[in-house]
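Structures incoming, each one as structure tokens.
Here chain A shows up in two complexes: once beside chain B, once beside chain C.
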Partner chain A sequence: MNALYQMWAIARVEYRMQWRQRGMIVIALAMLLIMVTTIVLMASEFNTDREFRDKFATASTDAITSLTFILAVTSVCVLLPFVLVNLIPRDRQIGVIEILHSTPMSSTTYLTGKLIAGWVTALSGLVPGAIVMAVLWYIIIAPFNILSYLEIWLVGALPLMVINVGLVIVLAFRMPDSRMAVAVAVGVIVLPWFIIGFDPRNDWLDIFNSFRPGVFFHYTDVSAIDDEIGALSPTITILSGLAQLALAWLGAVAWLRWRNGY
Partner chain B sequence: MRRLMLGLLLFMVSPVAAQDNKPARWEPAPCPANWQEHECGYLTVPEDYAHPEGPSIRLMVGIVRSTAENPLPDPVLVLVGGPGGRAVGLSVDTPLVEAIRQERDLIYLDQRGSGASQPSLACPHQSLDYVADMRACYAALTAQDINLAAYTTTQNAADVEMLRQTLGIERWNLWGTSYGTRLGLVVMRDYPDGVRSAILDSVFPPNANLYLDEALGIEPMLYKLFDACHDDLLCTLVYPDLQGRYERLFAQLEHEPIELVINDEPFVLDGDALQTGLYQLIADQSIFPLLPSLLDDLEHGEYELSERLVDAVARSNAVHGMALSVMCSEEAPFVDWQGLEAVYETLPRPYRPMLSVTSRELCHEWLGEVVANPIDNQSIVSDIPTLLLAGEYDTATPPRYAYLAAETLTNGYVVEFPRTGHVVLNGVNACSMGIVISFLDNPAVPPNTACASRIHRTQFAVGIPATRPWAWFSGVALGLVALALIGSMGIAAYTRPRQPAWAVSWRLLGWVAPLASVGLLVLTLFTSDFDVADTRRLVEIIVPLAVAFQAAFALTPDSDRALEILMACPRRPFWILLERLLVIVAIQSIIAMGGALLTVWITQDAQWVLALVRWIPPMLMLGGLAVYISIRSRVPVFAMVAVLLVWFGMVAVGDLLLPPNVAPYPLNYFQPWLWPYQPYLKPESLSMDDYWLNRLVVAVVGIVLVGLSLREVENEERMLTGDKA
Partner chain C sequence: MIEIQNLTKTYKGNIQALKGIDLTIENKMFGLLGANGAGKTTLMRIVAGLLKPTDGRVTVFGHDMATLKGKQAAKGLLGYLPQEFGLYQTLTAREFLDYVAILKGITDSQRRQREIDEVLEKVRLSDVANRRLKSYSGGMKRRVGIAQALLGNPKLLIVDEPTVGLDPEERVRLRNLLSDMAATCTIILSTHIVEDINQSCNDLAVIRDGAVVFRGAPRDLIQNAKGKVWHVTTDGERPNGGVAIVSTRQVQEGVQYRVLGQPDSLYQPTAIEPSLEDGYIWLMNQQP
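Entry: the complex of A and B
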């Protein structure tokens, strides 16, 4: 129970730090701006009388699914990992980690608390965007299937956020400063994209692709492609990503225990 | 002769009687690759219903089932245009089709001679010479013993009725586009009992006088283009007096035609070709916004867009046997050629057509002497609920055709869409789709068409020649700012104590980023299956991003002590930042040069100078952006996020800044002016001169940003030290 309290405390403090540093606010506002601009631009294309709007629920759902997922993936896969990668290296850089080592808190608790803080921070940056997007779309453009929209976020974007943000935080835990932490984010996010590529024709190597093509192409209105040419399914993509995260976390915990003894 | 007249009379009274013929045969058949989840089959029908014992033909039919559990019993029959267009295999992933499928099945018919129906009257597009192509087509089709005279709308309508009977459908809804509307109207005339309603998009009624209307329509339609440009702020600013420019260009081409090269084939662009091309292209909603820039390009002696459009027009005009059979049997016989020529003579030269006069000879070669059948030129009387859609800019089937057809349709509702071209339902237009769905739900009620009047204005594309002066102005103005900043920073660096410590800077900046650049370059070059064009871009994509990431952390509160503390040290922050940026640029430039040499070697690139330098401007721009945001905000993450967004956006969609792409309103007013600032334009997307101009502007923007960052630090230094450093 004590460890849970400690974890909660670390997550809470780190979350506050992120907001005080304005990084998440800026990113959340930037995403909101992009979403609102896109909807306003699309609204002029979707010129129809209100009595017809219900006729386009299917088309509207397809459009919001694709658009949301493209925006969500851009933020989840590209931006958030770079913003949150230095959660632990910054503690090391400014000397906080030495103080933490002098407390009875275990390294596992510390690492897990930081991980949770990263996820909560990322989530709080995404949720306003998700809500505003849905409300504006409903009002300005057309009704859509709310369950499909929820699925995009809960089954599509949320696991990607958990995996990508988690991976960069855990893999950068030994980095001495922010510069090196960013290098880790480049290695985790950019490198696989360059080497593996980004199209639905790739095979099992895609489980290491930070853009998670199996999920991306499933939700961006090209779902027929994965049936035809055998891209990974979203389930395999997400499960393999979670497995990578679990392995990275176990490796980091083992290393910390070996190094620090607790 | 009397027998012929009697036969013709019978033919007029009951053109073909599909229900009296032997039953058609239906056999399932595989669908095209993109239609695997739908049902297809062949319907066997007589080639000539007047002689049912004669040869048979097979019509390809596709059925797209409704997504409803209990679909309504009256499906929608899709009749495409051409004549000769393909229906089975058309994309069904469109909002309108999806909305219809929520309640009804859709049936797609490849009309006789068209698509996958057998025999096919399609002729390959072989050259830019229409007459030569037509003669080759005629020879090929008659060699197969195809009765070209049997490919008429009346026979086509009998096929439709035969299909309805074979599928056991009591009544259906017709959805015709372009020529498909004429077929729909003939079905409504000959087989009205099977039709619940009809949606006719871009109406082509039998009583239209196509040749005369085209002659008289050119001038008003070109005026619509000029007026639309005049009404648009951007277009009228960039392309003023479009009418005058067209008329001057027409006169110039009359005297000195231009020779274009289309797929290695010469094409002479004279005044008539310009006028005909413009007239045809006005009807294409995707091309209409390009036309002012097309005229401007031609004025400036730039022909790339013209060549692409001529190719597109030539392909769309490709000979199709079905089209010739229909037009030569149903339109040409009713033309008063001498009267038409007399009308031509009254038209001002830049608005006088040239093609139609030759149609008489072409038709004579195709079908021989055709005796006109009066019914083919009569209006169609019907009380079937009919929705007639028309686009204001439709030159192929102008809006007046819809009104002409509606005169004899008791329950016909015409909806004219402003600023819309041929085939209204082609565009992503929820208004027209809503009207269609509403009409299908209840054809007896006139649909609410209020949204049609709210169609937004045309957003015109602005070509590079029109914005080139702006690019030069940007380059020169920013260049002067850059020179001023370089001078000022150079003086500051020279006159004040520097205390260089290059090794310290190198150690602080670390080896990870250079290693990441090398790793990314080598791994990507040797593991990815990029094509040559992508391989050429690798260095410019990777190295500038690495420079920007390093620059974002060059001098930050996270990594360094606060500036206020640094002031107390003998090494001045201004010099520290400059030194670190120089180290970053030097190291990454060495890597970039190596990578560039490697790509030149791999791609056997002839333009090796370009390969060696194309990464420099984006490196300066992204690096400058990163260091500027980082210094201003003191939060390097902001810089990284901004650079990532710019980099990602520009690499992925940067070419959208170039014409012929047009940004949505109101971004269309800004988009044409942005290409000089796009760091990732591809050299093959624009002329080499424009590419170098773009490189110049991008590089200067980067230098200005770096200069401003250095000045920011220097200003802070002055403020804190009272200029005593």
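Entry: the complex of A and C
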């Protein structure tokens, strides 16, 4: 019970700090700006294009899921991992970690608390974004299929966020400072792109690709951006990502217990 | 009671920070004195459960620090002020203390707020408790560090160089605060500032190159230098002949040196009463 309370405290403090720093606010404002600009531009297209107007509901749903997908992938796969990767290295860099580890909190609780903190902070940016976009779209452009819209957030973006944000936080837990933490994020998020490539015909190697092609190609298909489907199903891609995260967490916990005996 | 048996710590590169330390620390204010790099912080971090020793055993109020259960139980009784630490700049002092209080297991919010108010009052930060820490001076941040160590009514308080960065008034206040707390908890005060020990501790150990070279009361350390401290006044020439100069002062007749050892009689030295600092320097000048 105490461990849960400690994890909640870590998540609360991190959430507060992240929003008081510039990083999250800049990302949120940039996303909002992109969202509003795109919606305004699309509104004029919808109002002039006769063909679109004729099949309004389908076109509206396709368009918002496309836009959602692009924004979600950009924020979940690229921006948020880079903003949140230094949750633990920053504590070490500024020297607050000595104080935190002198309390009865276990290293496992600390690591898990930071992980939850990363997810809560990321969600706190994504959820308002999703709501704002839906409302703006509904008012400015047209009604759309809410279920399709929700699916792309809940089944597509959310697991990607859990996996990518989680992986960078856990894999960077030993880094001494923010610069090294960013290097880890580059290794986890950017390098697989170049090493594995980004091709729907890739198979099992794709489970190590941070863009999770199984999910990516599924939703480019759903959102009508592209009709290619990845070699791996979204389910296998997400499960393998979660398994990687669980393995990384277990490895980190084992190392902490060996190193600190606690 | 804290028991330390045959404690050694060797860092990478075969750097021996601690060489078989044996200490028993009773329930009172205990001073740990030593030069920078003597091994004090390493010893404090091991006792606080932040560092694993290479060999040896530490028990804190009967809890074995080598076991997971023992370490967690001991940390529940501990307040620790590290020598160097940072704070979250975007939080206020109250928010930071609230966070540490929860991590220390104070889950009841009313009790937590009461304790936070008390420690803020003790370190005289109540008026600025709702200001963000980035606006604090170095001394104020140090006081936040002291406040977090006091949270949870610790039975063991480890303070590593607590007076560094504090102004003279705050230094005196902290010494008095620690002396008051020593009535109810064990305090280990690690410092290289002899005056801090002199004013507060009735039991101390001197550590040099990772080994304890003295253990006893401050008066015993002072006694070591009895008959070896002199005032020598010259026209500016530094006294030679195997003496250690403790201090120098300009006087009407020239320059007055406070020296340790046996100065040449041609200087017409005057014997004076030794201080704790004299005893410490005398000890440090002895061959290992």
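Quick note on the criterion: the second predicted complex is superposed on the first by the 245 of 262 C-alpha atoms of A that agree within 3 Å, B and C clash if a C-alpha of one lies under 4 Å from a C-alpha of the other, contacts with A are read in each partner's own complex, and residues count from 1 in each chain.
Here is the rule we go by: contacts are C-beta pairs under 8 Å (C-beta built on N, C-alpha and C of every residue); 3 or more make two chains touch, one makes a residue touch a chain.
Note that this is a predicted model, so its numbers are computed, not measured.
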Chain A as common anchor, with chain B and chain C clashing or fitting: fit
First, second, both or neither for A:66, with chain B first and chain C second: neither
Touching partner for A:106 - first (chain B), second (chain C), both, neither: second
Vertex chain A; arms to chain B and chain C (CA centroids, nearest 10 degrees): 140
Contacts of A:83 with chain B and chain C, given as first, second, both or neither: first
Most chain A residues touched (candidates chain B, chain C): B
Touching partner for A:96 - first (chain B), second (chain C), both, neither: second
Touching partner for A:9 - first (chain B), second (chain C), both, neither: second
Which of chain B and chain C A:21 touches, first, second, both or neither: both
Partner chain in contact with A:194 - chain B first, chain C second, else both or neither: first
Partner chain(s) touched by A:74 [first = chain B, second = chain C, both, neither]: first
Nearest Cα pair across chain B and chain C, whole Å: 11
On chain A, positions contacted by chain B and by chain C: 21, 93
Touching residues (chain side chain A, partner chain C) in the complex: 2, 5-6, 9, 13, 16-17, 20-21, 93-96, 98-106, 257, 259-262
Residues on chain B engaged by chain A in the complex (per definition of touch): 95, 98-99, 102, 428-431, 433-435, 437-438, 448, 450-451, 454-456, 509-510, 512-513, 516, 519-520, 523-524, 527-529, 542, 545-546, 549-550, 553, 556, 558-559, 635-638, 640-641, 644-645, 648, 664-665, 667
Residues on chain C engaged by chain A in the complex (per definition of touch): 45, 48-50, 52, 66-68, 71-72, 75-76, 78-80, 82, 84-91, 95, 99-100, 102-105, 107, 145, 148
Chain A to chain B touching residues, read off their complex: 21-23, 26-27, 30, 41-42, 44-49, 51-53, 55-56, 58-59, 62, 74, 78-79, 82-83, 86, 90, 93, 142, 177-180, 182-183, 186-187, 190-191, 194-195, 197
